[in-house]
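Once you scroll down, you'll see the structures, which are given as structure tokens.
One chain, subunit A, links the two complexes that follow: it is found with subunit B in the first and with subunit C in the second.
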Partner chain A sequence: MTDLLQLLIAGLATGAIYALAAIGFTLLWQTSQTINFAQGEFVMVPAFFALIAMKTLGLPLIVSLAVAVLASLLLLGVAFRYVVVGPLLQRGVLPLVISTIALGIILKESVKDFYSAEAQVFPTLLPDRNVTLLPGVTVSLAQIGVLVVALLAIGLLQWFLAGTRTGRQMQATAQNPTVARILGVPVERMILYTFLINAGLAAVASILISPIYLAKFSNGETLGLVAFAAAIVGGFNQVRGAIVGGLLIGVLDNLAAAYVSTAYRQAVPLVLLVLVILFRPQGLLGRREERAV
Partner chain B sequence: MSTRAALLVGLALLAVLALVPADLTGLGVPWPGLKRYGTYILTLWLVTAIAAMGVNLIVGYAGQETLAQAAFVGIGAYLTAIAGKYGVPFGVSFAASGLLTFVIGIVLGFPALRVQKHYLAFVTLAFSVLCWLVFRNETALTGGVMGIRDIERPVVFGLKLRRAVDFYWFVLAITAAMTVVLWWIVRSPWGRAFAALRENPLRAESLGVDVRLYTLLAFALGSAYGGMAGSLYAPLVEFIDPSPFALGPSLLFMLMVVIGGSGTFLGPFVGAGIAVLLPEWLRAWETWYLLIYAVLVMVMMAVFPGGIVGLLSRFKLPSPVFGGGVGVLRRRRGHEQRD
Partner chain C sequence: MTARLEVRALSKAFGGVQAVREVSFDVHEGEILGVIGPNGSGKSTLFNCILGQLAPTRGTVAVDGREVTGLRPSQLNRLGVSRTFQLLQVFPRLTARENLILAGQEHRGSRLGRLFGPRDAGLGAEADRMLDFFRLGTLAHETAGNLSYGQQKLLDAAMAFMSGSRLVLLDEPAGGVNPTMLAGLRERLAAINREARATFVVIEHNMEFVMALCTRLIVLAEGRIIAEGTPVEVRADPAVIEAYLGH
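And now, the complex of A and B:
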């Protein structure tokens, strides 16, 4: 029982990170029909921005993390929007899908060829101490910290989307760009904001997950799969869905690793994904979409 | 180009391909033929092209995305390799590979196509990783990471295809047959329905095309081409392990079809040629090869999403070889945009 509680908290911590990746993926899909098959690599890369700032430029940790977030916003946000997605939006969905697949390969191979093929130790700001919550239940402060930071980021985003004028304009853009444009919403700028938010969330996720799993060029494969699965399991047309999907997969992932088999741990989110598509295709929290001719 | 002309061009290509690895100096032609490795690469190209033809049917004709073609190739390869150890003749395992992957295609595609576009991509993504886990972990059956070695080459009409060139001719004959079958499918009313639903699924549906059924059959058939390609791959390489059937190679199948030109008949052959030959040419920069390839793909998508065959057909008269059955629709749409 106490084991279970510990696993649950660890699962929620990783799940919250998965949720960050899944939310960005969902937002991009909604506002610009961009299915980002490089999403996993987007979470893998910012850690290396920080490592470059720290090891090559010799900056202190906090500054390096800020540099990583900034570089992510510029490269994975603005540059991705205008260099990769921009020229392809009119070409239809397939070229965009192919292009993001290629982008994923480029990011992965670049890190491997230009930085290192080895897993890198990544420093953390969070204290590496264990605390006893209940008698027998020990969790590391780092896990609690990850959970708090991730939930804070999600909370901020939810407040921004629902509570501010810009946020509501973004939602309008996601629901119906044509009508939003008629009503005077600067649709182009809203789409750019979505890309920036996605890059920012990816950077936060990267900084949180790299101390746990080490920074490695191939991390994106697993992270990407989990992000897709979380978005679809939760219901891809809802930000809330991505959060629930992420947390659920994080918890199941940890429970499966402990109780089922480590060899098939990776299979858990995938089986869940297939089951959801079979029995509840709109996702756990999603609503059905209507089609326009 | 009429059907007869296309047939003649096809036969001429077939004859050239059949002669390429052979030593022609005895006939007075200064062509010494290919060495063993060259013939192997040529055979690998044909096997890859069969799987790519399947992807092209799914992507280029039915307008869906599949991210599991390498997994289907893997299923065919493992089935053939394992059955071969128990003395099952190649013909039986080849047919079984096609049938099994067709059935899996139906089972996977049915729920995914109920929802909306892109769900097939996610289901196949999940399936691809699950297959790879099974190939790697079920050591008793698949040999795990050690793989299965010493896979026997098939025996056809009592002739053992030990020599590289014999096996090449065998694969060439099968490729030709499978190409003709696909050619017939794409040009049949069935194939025209594919084109209709790719151009506008809702309009096709309102005209009485059962969109889901056709898309499902296209996916299952395309996957079966993958399975049969795998059945040829195992005896070609004579050794299989999980790595060529992982998610990465599945993604590369998508890229090669789009680079060659999706929805065109020759596209998969061109794309497979690039995918097989590029690593050979770029051998000196082995680590850079994927990076260079991916950059090329991205530039190509931005500048010319029609792929290489699409680019070539711009400079040529419209022909069914380049345009395939759906070329007409594509061109007409292009004109509308220009007007």
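And now, the complex of A and C:
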């Protein structure tokens, strides 16, 4: 029982990171029909921005993290929007999908060639201590910290989307861009916001996950897959779905690693993906896609 | 008196096809003008040209004496010209009330206000009034996608009237609405016209609806105005009967 609780907390912590990646995924799909297969690399890269700032430029950790977030917003947000998605979007979903796959490969190989193929130790701001929550239940403060930061980011995003006028305009843009534009909603800016949010969430996820798994060029492979699976499992057209999907996969893969075999860990998101597609294709919380006639 | 809407010699060609030819008419404040005509007679194209969704090939459009030809729909919206669509155009996953607030130009104002300002943007009271007026008060917090088709049509109309629109163009408001709901919609439109001196132009296929609602009609056939007058006059016009019954 105490084992289970410990595993649950560890699972929620990784799950929350998956959720961050998955949310961005669904946001991009909703506002600009972009399925970003480079999403995993988007989570891998910001850690290297921070490493460059720290090691090459010799900046302190906290400044480096800020630089990493800023660089992510510019490159993975603005540049991605205007250089990759902008020109390709009017050519349909498929060319864009292929391009994001290419972008993922470029990012991965660039990090490997220009930085290092070795896994890099990544510093953390979170204390490296264990606390006892209940008798027999010990978890690391770092895990709690990850969970708290990720949930804070998610909470902030939910407030933004559901509690502000800008958020409502983003929802309107996602639901009916034509009418939103006629009403005078600055649709283009709303779309850019989703790209910035996606990049920001990816940077946060990167900073949270790299101390745990080390920063490595190939980290994106699993992360991208998990984010994709989490988005599908939860329901591709809902932010809430991505959160649930991410947490669920995090918990299940921790449990599978402990009770079944670590060898099957990677199979969890895929098995879940297959089951959901077979039995509930709109996702656990998703709605069936409504298409205008 | 300046007309609320003045359309002068408006033409629109798509390649070789002349969809609208030299159409001119005025709409005065408080008037309900019906635009009727057989399928393909150019009604929707005319609407789209007036509203800036299509650029007219020739001709001008003026609102309250100000020329607005070529303005974008969002700019016209800001001038108080709004429209409803033939196919429903509400935001399905926002509530009815949120739909109205969005239609009420909430996006104006500062960027910070949009983030931290009141979520109803000061339009809540007007939205509630509009919901009550269109008899949707009990459904204010229902997501629009869950409303019946007829209720969504009412919401769509209510959205067009938010923020004191000066001129509302209704594109087939009656299409697909059941007869009971239809009587309600007609009665509400007549009421808002009476009480708020709202001015509208209505495209509609449902003759009974148009005849009962509109004060004046123009009839289009092959992109040209072939008749104009009160519903009674138009109904008796031989050119109209000819256009509708064919050769």
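Just so it is clear, the second predicted complex is superposed on the first by the 291 of 293 C-alpha atoms of A that agree within 3 Å, B and C clash if a C-alpha of one lies under 4 Å from a C-alpha of the other, contacts with A are read in each partner's own complex, and residues count from 1 in each chain.
Quick note on the criterion: contacts are C-beta pairs under 8 Å (C-beta built on N, C-alpha and C of every residue); 3 or more make two chains touch, one makes a residue touch a chain.
Fair warning: this is a prediction, and the values are worked out from it, not measured in the lab.
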item	value
First, second, both or neither for A:134, with subunit B first and subunit C second	neither
Which superposed partner A:178 touches (first subunit B, second subunit C, both, neither)	second
Partner chain(s) touched by A:62 [first = subunit B, second = subunit C, both, neither]	neither
Subunit B versus subunit C as contact partner of A:186, first or second or both or neither	second
First (subunit B), second (subunit C), both or neither touched by A:35	first
Touching partner for A:95 - first (subunit B), second (subunit C), both, neither	first
Touching partner for A:169 - first (subunit B), second (subunit C), both, neither	second
Greater subunit A contact set [subunit C / subunit B]	B
Interface residues of subunit A shared between complexes with subunit B and subunit C	293
Contact footprint of subunit B on subunit A as seen in their complex	35, 37, 84, 87-88, 91-99, 101-106, 109-110, 112-113, 221, 225, 228-229, 232, 263-264, 266-267, 270-271, 273-274, 277-278, 281-282, 289, 291, 293
Residues of subunit B that touch subunit A when the two form their complex	59, 63, 65, 111-112, 114-119, 121-123, 125-127, 129-130, 133, 137, 202-203, 247, 251, 254-255, 258, 262, 287-288, 290-291, 293-295, 297-298, 301-302, 305
Interfacial residue positions of subunit A with respect to subunit C in the complex	160, 163-166, 168-169, 171-172, 175-176, 178-186, 290, 292-293
For the subunit C and subunit A complex, residues of the former touching the latter	73-74, 77-78, 83, 85, 87, 89-94, 98, 101-103, 105-108, 111, 113-117, 119, 121, 145
